[in-house]
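Each of the next two complexes has subunit A plus one other chain: subunit B in the first, subunit C in the second.
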Partner chain A sequence: MIEVKNVSKSIHKTDVLNNVQFNIRPGTITGVVGRNGAGKTTLLRMISGIIKPDTGDISVDSQDIFQQPQIKQNIVFVPDSTDALKTYTIKEIVKFYKVVYPNFDEDYYFSLLDQFKFKKSGKIKQLSKGQEALFSLILAFSTNSKYILLDEPTDGLDVIIKKEILKFIAEEVAKKDVSIIISSHRLDELEKMADHIVVLKDGSVDSEIEMESLKEQYKKIQVAYQDQFPEDVLQNIEVLSQNGRVGIVLLEALDEEGEAILKSYEPILYEELPLSLEDIFVTKLGGELYVS
Partner chain B sequence: MFRKALWMKEWKHNSLVSFGLLIVYLLAYVATAFMQFDTWRVWQNHQPDLWEQRQVHEINSIFEPGFFGMVAILIIILLAGYLIGLERNTKRHDFSLALPFSRREMFMTKYIMGLLVILIGYNVSYWLAYFAIYQSEFSSLLTEVNHTNTYWMPLVAYFVIYSFAMLIGTISGEIKSQIALTFIFLIFPQGIFILVGQFLDVHGVNLELNIAEWVFQDLFWLNYLNQIFFDQLIIWIPIVAGIIFTVIGLIIYEKSPSEYSGEFLMFRSLHPVFAFGIPFCSALLGGLFLSSMLSYNSPDSLSLILYWIGFLVALFFSWIITKRLLNK
Partner chain C sequence: MHILLNPTSNNPIYEQIIQQVKERILQGVVIAGDKVPSVREMSAQLTVNPNTVSKAYKELEREGIFVTFRGKGTFISEDVHELVQEREVKHLKEQAEQLVQSAKQAGVSKEEMKSWIDELFQKGGERHD
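Moving on, here comes the complex of A and B:
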């Protein structure tokens, strides 16, 4: 298990992370969600031992990652860019990874290269951007590490390669006992695969969501009124969208007071809709969803 | 402590500059020896008197680093830059720190690899040149060479300058600042005496630089490449200094905050020192340049005025540059 305990970090006198605390259980996919600048990459760089926290601890399987760096044989960090690999050839990087990660499965690596129609020689920098992203995932999963940290793995990729990558991640997790931590601001991608979502806002954990219990935590309701949409509802309830007399609102599951406000204006339509993670993100974090 | 993966990684990125250093050493010793043989034969046959006078100097000059020694220093500083600074310029720094190795192992692998590159290149070249002469008709001249000095003095110079460049690498955030700061601090102990001496001089105070003779002699590491100084220098000074630089470098590397890699300095706490030091020293240098342009018999008042003009102009520009560097 990865335990992040009360971690804070300031860079250039700005608080990037503030008292962040959460756990990553074995065999799960955890999505770290937040707008750009929320501290997602810093958090992942900390978990992989690149940046030291100012305060707090990060432990992997009960070992401090900075005191016992050898524990990182069980962790692979896949950054959003493959620049560090570009000087290597496809064969050289295998030799290197085999020495670094004792469980590296070379046969599996080459079988994946076959599956995705990669050349087995040549420099990594000759790959296209999408291929590079996929290649770094193949490399990471071939290490058979217990934890894989993916920083915006599909950022800037076209739809086809994005789907291919997400499918690949999902298949690998189904096959192996591996924990994945994915940072992203693309909730639609995380929603389909994550078990656990950590929402970062301004460097703090705004909320943690277990996907299984998500629907029990919130309700998405479409309401329509005979006359105009009540000002009281707009003021006191999270309104996801509103068009004339019709609106869609988000309520916490046990928010009886909110429900009472909605019903007090005698809606002509009151219908619960399927809830998406995006609805919660927009409401919790505010503003535009896909911030580039 | 031996980590094969780290050695593979470092060799992958530093082999080119390492071979460059080997070539420079080969040029310095082996190529020079072979090229001199023909000249010596001509002198032997056609100008025996001249040869008689010069042979001791000639054989010693083969083992003096000279111009190629200075080139070797440049490449050694570049090698240290490749080992630490260049990695920090790129995503390779994150990649390295995410590997399952301690920072101590990382630094020591870098340091030992660089040191081995120097030792192997130097020894191969030095002893190949020695062997070539030994096999030639000039072998008897080898007895005229003081190998204790000619072998060890340049080697300790390479050692101390390399260790110093690695130490500067630990505080620098990228290769350009590492190389620039290495050059500046290599001559800083002597430079600050000259700068302050000139400042006092134009203000009518005479600083006796003889009191700091050891700074100009023993702490000016390039002197250890010059045969003229060999007999006056204490070999233990650069050895001890090199060890101290290495230990401090290791401690700093372990503590350096990697979030500032790619910036001018790795430590924000050093910014005030540099924010004051760079403009101050540049201002003194500007004053020195301008006041030195006057002829010897110019009036003191003119010298003082020019000094302060140079001082203020250099202060102004260096302040702007320093602000940009530190706010990068």
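Moving on, here comes the complex of A and C:
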């Protein structure tokens, strides 16, 4: 288990993370979402022990990552670009990784390279962007680490390699007892892959969502009224969109009060719609768009 | 076994998997004794969290639709057809209930409806026999 406790960090006098707290359960996939600049990458770098928090603790299997750095053998951080590795060859990198990760499985590494039809020689910088993304995952999963942190693993990739990468992650999670943290803007992907979602907003945890119960936690309702769309509804209910008499609103599943408001104006249409993670994202984080 | 997830469904993914496995059985696409993909294969195929697939598989096992033999894999149970059919009949009954409800609202009489149903059964009968 990874425990992030009251973590704050400012960089160049700007608060990047502010009292962040959440846990990563073993054997699960956690998605970290948030708008650009919400602090996702900083958070991942911190969990992997690359940068220190100003205040707060991060522990991995009850060991503090900064006081007992050997625990880092169990954590791999895969950044969204492999610039740091570029000058190595595909063979050289093994030696380097073996020093940092004693459990690195060389046979497995080369068998994966085979499976994905990589050449076994040449420098990493010769790989295409898609190959590079896949390569850094192969490298990460070959370390046999218990925790793998992925920073936007499918960002900017074509659909085919994207699908290949997601498949690979799913297979690895099924095979090994590994926990994954993925920061991503691809909510549709996270919706299928994640057990748990941490929503970051302005450097703080805005909310946490269990994917399994997402569709039980919230209801998306399309509602239409005979006359005007009631002001009361616009003011007091989370309205995702509204156009004339018709509106789409989001309610917490047990929000009887909200439901009562919607129904008190005698809607001519009241229909539940399928809910996606995107709806939650827009509701929780979209407000910022209209500020300033 | 081909499963297609519907991203706009109101049902959680594990329920969609359960539902579709049952549909495939009713369609005869998979039959008793067939081997089903492992959790790993299925989650890779759907690019879905293995925990989700595993949850669906456990439920299907609990319902007696899947059986797992250690070291051999997971199979469609031998008496699956009855199981699924039973549930399908129940489902049909619920649909009929809705249909009758709608008929009442639309002012269609019981006799009228019965005559439709007789007609439909006859048509179907001709086609099959």
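A few notes on this one:
By definition in this document, the second predicted complex is superposed on the first by the 286 of 292 C-alpha atoms of A that agree within 3 Å, B and C clash if a C-alpha of one lies under 4 Å from a C-alpha of the other, contacts with A are read in each partner's own complex, and residues count from 1 in each chain.
One rule holds in what follows: a contact is a pair of C-beta atoms (placed from the backbone, for glycine too) under 8 Å apart; a residue touches a chain by one contact, two chains touch by 3 or more.
The structure presented is a predicted model; accordingly, all values stated were derived computationally and were not measured.
In the superposed model, A:Tyr147 makes contact with neither subunit B nor subunit C. Contacts of A:Phe135 after superposition on the shared chain: neither subunit B nor subunit C is touched.
Within the superposed three-chain model, A:Thr87 lies in touch with subunit B and out of touch with subunit C [touch as defined at top]. Of the two partner chains placed by the overlay, only subunit C lies in contact with A:Lys192; subunit B stays clear of it. When the two complexes are overlaid on their common chain A, residue A:Lys163 makes contact with subunit C while staying clear of subunit B.
When the two complexes are overlaid on their common chain A, residue A:Phe229 makes contact with neither subunit B nor subunit C. Once the two complexes are laid over each other on the shared chain, residue contacts for A:Tyr109 go to neither subunit B nor subunit C. Of all residues in subunit A, only 27-29, 163, 166-168, 170-171, 173-175, 188-189, 191-195, 211-212, 214-215, 272-276 touch subunit C in the complex they form. Remark: subunit B residues 4-5, 8-9, 12-13, 90-92, 94-95, 97-103, 257-260, 268 touch subunit A in the complex. On subunit C, the positions that touch subunit A within their shared complex are 5, 7-14, 38-40, 43-53, 55.
Residue ranges of subunit A in contact with subunit B, taken from their complex: 9, 11-12, 42, 45, 48-52, 69-73, 75-77, 79, 81, 83-85, 87-88, 92, 95-96, 99-100.
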